[in-house]
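Below are two complexes that have chain A in common, paired first with chain B and then with chain C.
What follows is the complex of A and B.
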């Protein structure tokens, strides 16, 4: 866990085109093991496209990609086993209970019944969800859904978890709590790859890449970025970049 | 395999927790069967008629008796003049009027000829046609028995309706209904359940997981294979025991062919869910593009042979047509696979084509 220089995601010259529209224009970056990597950009800058390619939901037009040490073209199955994914919609099954959702996702990742039971027990204790164990997802508040969706995404102890705008639509307090969960996860050695358009959240990341029009316009630690661009906050950095 | 089992269990939860799905799955076959069985009937029973008999002799009375005791007609009203026919029809109760000419028996005796006028309410042309046929059949039958010695040369056609001697409508609609319901349940329900996952965004999570796309698809359709099969059995049992539909051929062959048809409809459902990502569109396509052709172009209600050539060509592109042909042949004629192998191969062909297109589409969506 200590070898922090180890790259767990390597992307070289990633290009994704939709017809003549270039969503990702020669992206090149690395993500180090155990870090919280922020992927920032305005809506339509190409964040979601890139995260989908990294998760194997979509094929790149060209480029070399390695995720969790596996080639995304030839070792797709191995990549899938080692990543977790949470979408911006906190997708869970509305008509299943909290526990049934956990059991289902544990099941499709091949966890044994005992593992599922012990992990879901620990998870619900940590979140304080014991009372909601047998409640249907449609009956629990959005903030709970968000935490649960995240917990489910890391239930199988992946090497990397991809979070696609994980804090959309929730209140600031819940957002703060959610970032605490992200920190805990990172402490446990899981690499966190997170997209967001809340600039205050960018401050919480170890390193941040900012996308503008399908290209990576800047990539560094939040402190270095602020220094480079002579800005007081990440928000100012972003505005300077986005305005060109 | 264990992953797959969990997936299927989840799918059953979805189905059993949604009362609407359950209602469609198990309520609809029963309701449809009852509807078609009792409402959509073209058999004639107790049609109300009016008789105008100014001659009131031995012969006319016997003819009237014969008609009224046939079981098809009952007397609603006796008319005194022909002029009363129109007002009686306008009330809408009487469907057929029988008018003898005055001095019927005498005229028949003297000239060997007498006239009966049969007037039918043809605002419903099919019924009118049938009533007229029945009535004139009974009358000519009576004539045959009446003058056995008088006419030297006679040709008496002896009509036999094979495989459905009583011309029961149930023989036609049970196979049609099976095709329609299996199509609806399999194609509609699977396309809905797959597009629902797309709408919820859970499909993304499934695709990110180590489950293979083929496992996802099979996992989604598997419960419906099972449920549609139960429906097929329900329809067969109801058809057999409530409506007396015969099953002359092998039941296992019948079930096997139904299974094949279910697989065909499921692959069509998968195809639909690949084309669209919203439940509403999936429902529209399933209902409009599948139900109407199944009802109209499969020979279910309207015989294919009577359609214009271009429509006939279209009919041959409808999978339900072959299924209906197969199960009619098995149920009514007691035929084995040697009579229906061609249709069976065509159904297998449809299934293969739909699946191939779906898999291709599914892969392309990922690029």
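What follows is the complex of A and C.
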């Protein structure tokens, strides 16, 4: 197998402009199949813009992109069939119950009724949510919602899941549990593409890219990054890079 | 197809989980029917009349008593000065002054001619016209009586006389409510449909769930169809409910084929709902969607022929009105319900709606963007 076939995301010279503002300035990187890829950067560095392009929610200005083996321009719907996405903003329906949300998203991904039932059952058992099955989303705590949103994003067994700041505003214990879920997911062979502001979370990633002003300033394993920048933690690496 | 069913299921759950929805669906139509149908009437009852009788003769008193006897008039006051009566008019206490000049009876008997004056408040031109028509009718009636009784009883004994008998078709009792109910029902279905659909997609945009949907492989047609169907079903139900209320409360005639009504309504709802979803895709917030919906609703309703007759609009407005879906459906409703028209009679309006539906549905599907 050639090395490129192991790369599940290939990005070459991705540029995204909003008017004269360049949000993504010639990004080039690859994500390997099965890895946890951390996508770091300060607010406004262009992370969410890039993630939206990779998910097919937004058009790139230029560049070559392949996601899950499909071209983002010509095979957009095939890309979508093979990815999951958990957005920064809350993505479940407040006025539907836990199960109704799962059923709806399973349904529009084309899962059969039996699959939906068995997967939602397994999911709720794993999360310990059985008691909340018929509770409205608006009545459950934020940490639960985030875990559920993640589970819903991978309900259809995608090849890649994109998580855009999944742990924002969540308490440390739940964050820890959330990362356990990310590991499990990765273990099941799903590639995880995650953005975060928490540098301790960056340490959990297999590889990390750090974006500064729309460009990728560094990309390596956390250990190598610390070595290169002579820093004790990812936090120091980030501050060194972000300050320029 | 299954995907569409999942969307429909979800939309229904959300609509009925919203506590204000059931009252909107059931109470609004009843209230609208009761209030609008009774209030929006051109019928003139209780025309408030002041009499200024300078003649004070038997003949003039008889004329006044004719007005008194009519169910449409209510004599509020009698004056011996025209100015007093005019004051009443200015204060808004009366709608009409009947002035009988001195020498009215004398003129009739000696010269075979006499004059009376009607002064009508014409701020509302339409009702002034009606008052004038009613009053003239009473006067003509009285005139004929006078001819018989006073002028020359013998003259009319053997002469031919053309008598007019009236028979009003399709609304024999000239019941205004019968005329209003079908139009009000259209209004009802339109308001509910346009608001529900207009707020829908933009709401998901506001919450953020639309991104989650756009990242799925769902296609535009499935999405728009799934969004449209629940409101389509609610709209048709609303119409059936409204028709039942109209029949029970106002005993409106259901002359034509109800199947024809619902066939047209199905097409009409596609127009309105696509229009709403289109508004929903071009606006950014629910407030914007509401404002845009209201703008179109007001124009559509005022030009729909519900309250004013389309035939009396200027020609350019009539041509513009071809873009007004309400106009077609109100015509269909009135024709089928009141006249019992068949498909051939309404086919022009029906096919216009079909064209409109295809157009607006395609526009809504095209306008909905999964990728920004």
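Just so we're on the same page, the second predicted complex is superposed on the first by the 238 of 244 C-alpha atoms of A that agree within 3 Å, B and C clash if a C-alpha of one lies under 4 Å from a C-alpha of the other, contacts with A are read in each partner's own complex, and residues count from 1 in each chain.
As a convention for this text, a contact is a pair of C-beta atoms (placed from the backbone, for glycine too) under 8 Å apart; a residue touches a chain by one contact, two chains touch by 3 or more.
Keep in mind that what you see is a predicted model, and the values were worked out from it rather than measured.
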Joint occupancy of chain A by chain B and chain C, clash or fit: clash
Which superposed partner A:57 touches (first chain B, second chain C, both, neither): both
Chain B versus chain C as contact partner of A:139, first or second or both or neither: neither
Touched partner set for A:87, first chain B, second chain C, both or neither: both
First, second, both or neither for A:184, with chain B first and chain C second: neither
Chain B versus chain C as contact partner of A:105, first or second or both or neither: both
On chain A, the residue positions that both chain B and chain C contact, one per complex: 55-59, 77, 80-81, 83, 85, 87, 89, 91-96, 100, 103-105, 107-110
Residues on chain B engaged by chain A in the complex (per definition of touch): 2-3, 5-7, 10, 13-14, 17-18, 200-202, 204-211, 366-367
Contact set on chain C toward chain A in their complex: 2-3, 5-7, 9-10, 13-14, 17-18, 207-209, 211-219, 370-372
Chain A to chain C touching residues, read off their complex: 55-59, 76-78, 80-81, 83-85, 87, 89-96, 100, 103-105, 107-110
Partner chain B, residues of chain A touching it in the complex: 55-59, 77, 80-81, 83, 85, 87, 89, 91-96, 100, 103-105, 107-110
